[in-house]
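Input: structures, listed below.
Each of the next two complexes has chain A plus one more chain, namely chain B in the first and chain C in the second.
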Partner chain A sequence: MKTVYLAIKYLAILLWSSFVLFPFLWAVTTSFKTANGVTGGATWIPWLQYEPSLQGWQSLFGGSGGTDITGPYFNSIIVTGSASLISIVLGTLAAYGLSRFTFKAGFIRNADITFFFISQRIMPPIVLAIPFFLLLRQLGLLDTLAGLILVYIALLLPIAVWVMVDFFNNVPRQLDEMAWLDGCTPMTTFYRVILPNSVPGLIVAGMFCLIFGWNDFFFAFTLTFTDTQLLPVAIVALNSSVTPWWSLSASALISVAPLILLAFVVERFLSRGGLAGAVR
Partner chain B sequence: MYRQKHLFLLPGLLVLVAIIIFPLLFTIRVSFSSWDVFQPGLDWIAGANYGRLLEDARYWGALGRLMIMAVGTVLIQYTLGFALALLVWGDLKARRFFRVLFLVPMMTTPVIMSVIWRTVFHESIGPLNGLLQALGLQGVPWLSEPALAFASVMMVEIWQWTPFMFLLLLAGLVSLPREPYLAARIDGAGPIRTFFAVTFPAMAGISIAAILIRLIEASKIMESVYVMTSGGPGTATETSTYYIYIRGLRDFQLGYASALSVTYLVIMIISLTIIAKVLVRLFVKDRT
Partner chain C sequence: MADIHLESLAHSYDPAATSPEYALKPLDMTWRNGETYALLGPSGCGKSTMLNIISGLIQPSHGRVLFDGDDVTGRGTAARNIAQVFQVPVIYRSMTVRQNLAFPLVCRRRQRAEIDRRVGDVAELLGLQRVLNRPAVALTADQKQLVSLGRALVRDDVSALLLDEPLTVIDPQLKFELRRKLKEVNQAFNITMVLVTHDQNEALTFARSIIVMNHGEIVQQGDPQTLFDNPRTEHVGYFIGSPAMNFLPAAQSADALGVLDGQLQVPMTSAMRGSDDLKIAFRPEHVNLGGEGHRVDARVKRIWFEGLDQVLELDSGGTRFRARLDDWRGTVGDAIELRVMDSHLRVFRDGELLEAR
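Our next item is the complex of A and B:
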């Protein structure tokens, strides 16, 4: 009975692992193919089944008729990085305020303000895309990095507030009170006492901001054209009826690689139990 | 001393209000105009757009498909995510390796993975049909037969987002107290009874949260559709979001598309509120 149970358990894990890995393995092998290798059918093993080539990887830098993706790569880093940073700063400040002080305006209380922040995640991108398009055109920010950063702040700020409010609620208030007794103002208390004790929360918030920023396609797609291309847009542009599968696979792999490393960070937090508070 | 409190809250709040509220109000205003390519600008045509959408069968069809797709994928993701979390919760060789592996899909850019999946589903030179043929079976038109295309899109959504359920549920499992499990063992309860009597009730809160978050995100499904099928064949995989996109940013009927998105947003908020209430009742009843 015990062996049967164990067998089922490992079989299930093996099945799901292959499902998870399938598209990645396929992309890896495809990235070393040429036109002949691709049209030759669903082959997996280089040398035996097809003649491998580095064409796909060279095309990342504009060689072999591919598109140079270094420009979009840097654009993506700049937009995701600055929007995440600004969101974390504004979000952490707001979250600390919401967690420590009482705000009242008419019938609006702290909980309502927190809910307002978080509820922005409900807003479907398509609802905002049309006014964003017109607004950025009015401001002359269409097809610019600055315009995208502005829009991404709207996407990421709610996430930062959500994670940090919950985190600060679990930081003991005695810490603040002791600092006040020592003559700190709320501002100095915040950055001398609370912030140094909030690194785990900041890491989780930063991680979620990076994931959602890096992985967005829709706004980058609707609000930029040719001057400012982000990575996902550049790669989807390769996706046509005469798709060069080799450069498509190589560029896809290189663009998802950095965030896959984040999976290791998430797992460490998970195993230490540090995520349980942050995700509730 | 407390006067400084506004310095904390206001910068973030004002930025968000400026970026979100103005566009939202503007959308509502545009939905009462006939703004399109030929006549850009705000005029007033009262509820004409809303009258038109009531009779737009394509819109309601897309909404129905979106709801089936969202609820279907989220239920499957929840079941699989819970099962996977339980599998790597207890003793297991290379436990941490599998935990990382199971998290990987949610870290990858959905639209880029959809591009890869499109090559996987390719009818003549894709590996999925290659696999079927190696087993002596016939290849299948994954993306060009209506029911199959719908299932293929759902499969990609499940691949991408089951890890999110897995993450939240595993985080919940890891933080469960140990005492009830000792009590259950002393009472001689088997693993299945322990699950339904101890684990499942204790996970009610996090289950509700996980299902709601995923439903909210799933109600926006459009990128996988855009890349893999463009809503086709015909309109078999067209979701509301994708239909609004076509009307608004491809046909540039901004007035009509705004009316569509306002209606869609209202329907989403109402159905999510109802679902939240139902979920709470369902799980809390289980507990007593």
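Our next item is the complex of A and C:
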């Protein structure tokens, strides 16, 4: 009975993983094909079924029929990384304030301020495209990394605040009170007691920020021209009248690689027990 | 270290309401430096509210808090230098036991050597030496509570140590030991200690002065003996002593007050007249098998065995009361002849003790 159950379990996991891994397999094989390999129906085994070629990968780094994506790649890392970092720092501070202190402005209370942050993500992003464009032009920041970082902070901050407010609301207030009793100021309470206990929350918020920032195409596309390109825009630019499936597959793999790496690291950390109970 | 004075202090969690409900009704009181107090009362009677006001976690809606005559009502918790231990252990999860214990001193920017010495002392006092370098999360619940307590004791300059039912999670054997250690600390450092509890044994053994609270009010304050002998209200009589004091509704005649078919009688005084809620009360401990006192015949209904003593529930003419006896052996259903000591009979009018008797 137990073995049957185990067999079913493994079968289910196997089915699911193949379902998840199949697109990757497709992308990997396609990235080593040429035009001939792609048109001949689905083929999987190199040398036997198709002649492998490095053309798709070469075109990503300045090879014929492609562009060099190294520049956009580093731009993406810089923009996503710094925007996420700033958002997490500001968002965490804001979230702690919203979670622990009472704010009043007319009829506005803490819950309204929190909703205001969340409402930024409810709005369809296209609404912001023209305002952002005009704002950046006024500031002379169109087509620059700094401008993109600013816009991305505006996009990522609500996520950070949202995740962290919820997280701090679940950190017992007694922890703060104990810190005050032990002689901490509100600021030292925050960074000596609350922050070290909030690493799982920070990681979740950081993950969200990095994923949203890394995958954004819309603002990267509308707010830049030629000087500053982010990875998603560069990848789309690879496309031409004859779709280069091989280089598109290669670029898809390259662009998803950092997030997969991140997922592995975070999974390791979280399973090490970063989420155990706080009080008692 | 300071005398703590509460001046016309009251607290309502909703002061804006037209008729605010007080968690703590207006009171004036002083906590003397170096004294041990126990705050006793049922849940929700305002004990914790009072402590949180003293430590500054709650801003009182009325009145002032003075430390040695110095108004601290507006000051934050950190500035008041109060140590407090809660019912549930609070530990800093990201730190080791050693770091937890050192934290209050680190916050005060003490010298490294002094911190090490004090942490060592407190760890020894609480028996935590062997776990000092372990992460605090890995401890059991009662060890965590010891760490909470240790963080309070590691500071030798506190204005007061407020203990909000800290021993609930600790096993009985250790509880006794801890109470003894707390008293040692109290004597060694002359630290004012306030213990909130609803365990009267804990209160009676720990504190020199006991404060009984009910419905946000202080009902009675005094040393354990006074509270035991002369509880000011029926509530205190029920709350202090185990089993509780016997309160028997009294029948009135022209010149006397009687219970148990007139077997216990108290002469009528002017203070007793004009009320139909009169009770004669006595402690189960003041009932004997022989000697002086009013004779009462009763039948044994239940027996609780308590080591040397036995607590009996007795029935006399349909009225039930309890007695604590140390020299009686028998079974349920036995007839028994008792003496109730006259000097320990108390009369309560409308729930309050009549003093002059």
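Simple rule for what comes next: the second predicted complex is superposed on the first by the 229 of 280 C-alpha atoms of A that agree within 3 Å, B and C clash if a C-alpha of one lies under 4 Å from a C-alpha of the other, contacts with A are read in each partner's own complex, and residues count from 1 in each chain.
Keep this in mind: a residue touches a chain if its C-beta (ideal position, glycine included) is under 8 Å from a C-beta of that chain, and two chains touch if they have at least 3 such contacts.
As the structure is a prediction and not an experimental result, all values here were calculated from the model.
Of the two partner chains placed by superposition, only chain B is touched by A:154; chain C is not. Using the contact criterion defined above for the overlaid structures, shared-chain residue A:185 touches chain B and also reaches chain C. Contacts of A:59 after superposition: neither chain B nor chain C is touched. A count of residues in chain A touched by chain B and by chain C gives the higher number to B. Contacts of A:243 after superposition: chain B is touched, whereas chain C is not reached.
After overlaying the two complexes on the shared chain, residue contacts for A:98 are found with chain B alone; chain C is out of touch.
By the document's definition of touching, neither partner reaches A:31: not chain B, not chain C. When the two complexes are overlaid on their common chain A, residue A:84 makes contact with neither chain B nor chain C.
Touching of chain A by both chain B and chain C, each in its own complex, is seen for residues 180, 185, 276, 279-280. Across the complex, chain A is touched by residues 55-57, 76-78, 81-84, 86, 88-95, 103-104, 107-108, 137, 141, 144, 148, 151 of chain C. Chain A meets chain C in the complex at residues 172, 174-175, 177-185, 188, 192-193, 196-197, 199, 276, 278-280.
Those residues of chain B that touch chain A in the complex are listed here as 1-2, 4-9, 11-13, 15-16, 19-20, 22-24, 26-27, 30, 80, 83-84, 87-88, 92, 96, 98-113, 115-120, 124-131, 159, 167-168, 170-172, 174-175, 205-206, 209, 213, 216-217, 219-220, 222-223, 227, 241, 244-245, 248-249, 254, 257-258, 261-262, 264-265, 268-269, 272.
The residues of chain A lying in touch with chain B in their complex are 9, 12-13, 16-17, 19-23, 26-27, 30, 38-44, 90-91, 93-94, 96-98, 100-101, 103, 113, 116-117, 120-135, 150-151, 153-154, 157-158, 161, 180, 185-187, 190, 211, 214-215, 217-218, 222, 231-232, 235-236, 238-239, 243, 245, 248-249, 252, 255-256, 259-260, 262-264, 266-267, 270-271, 273, 275-276, 279-280.
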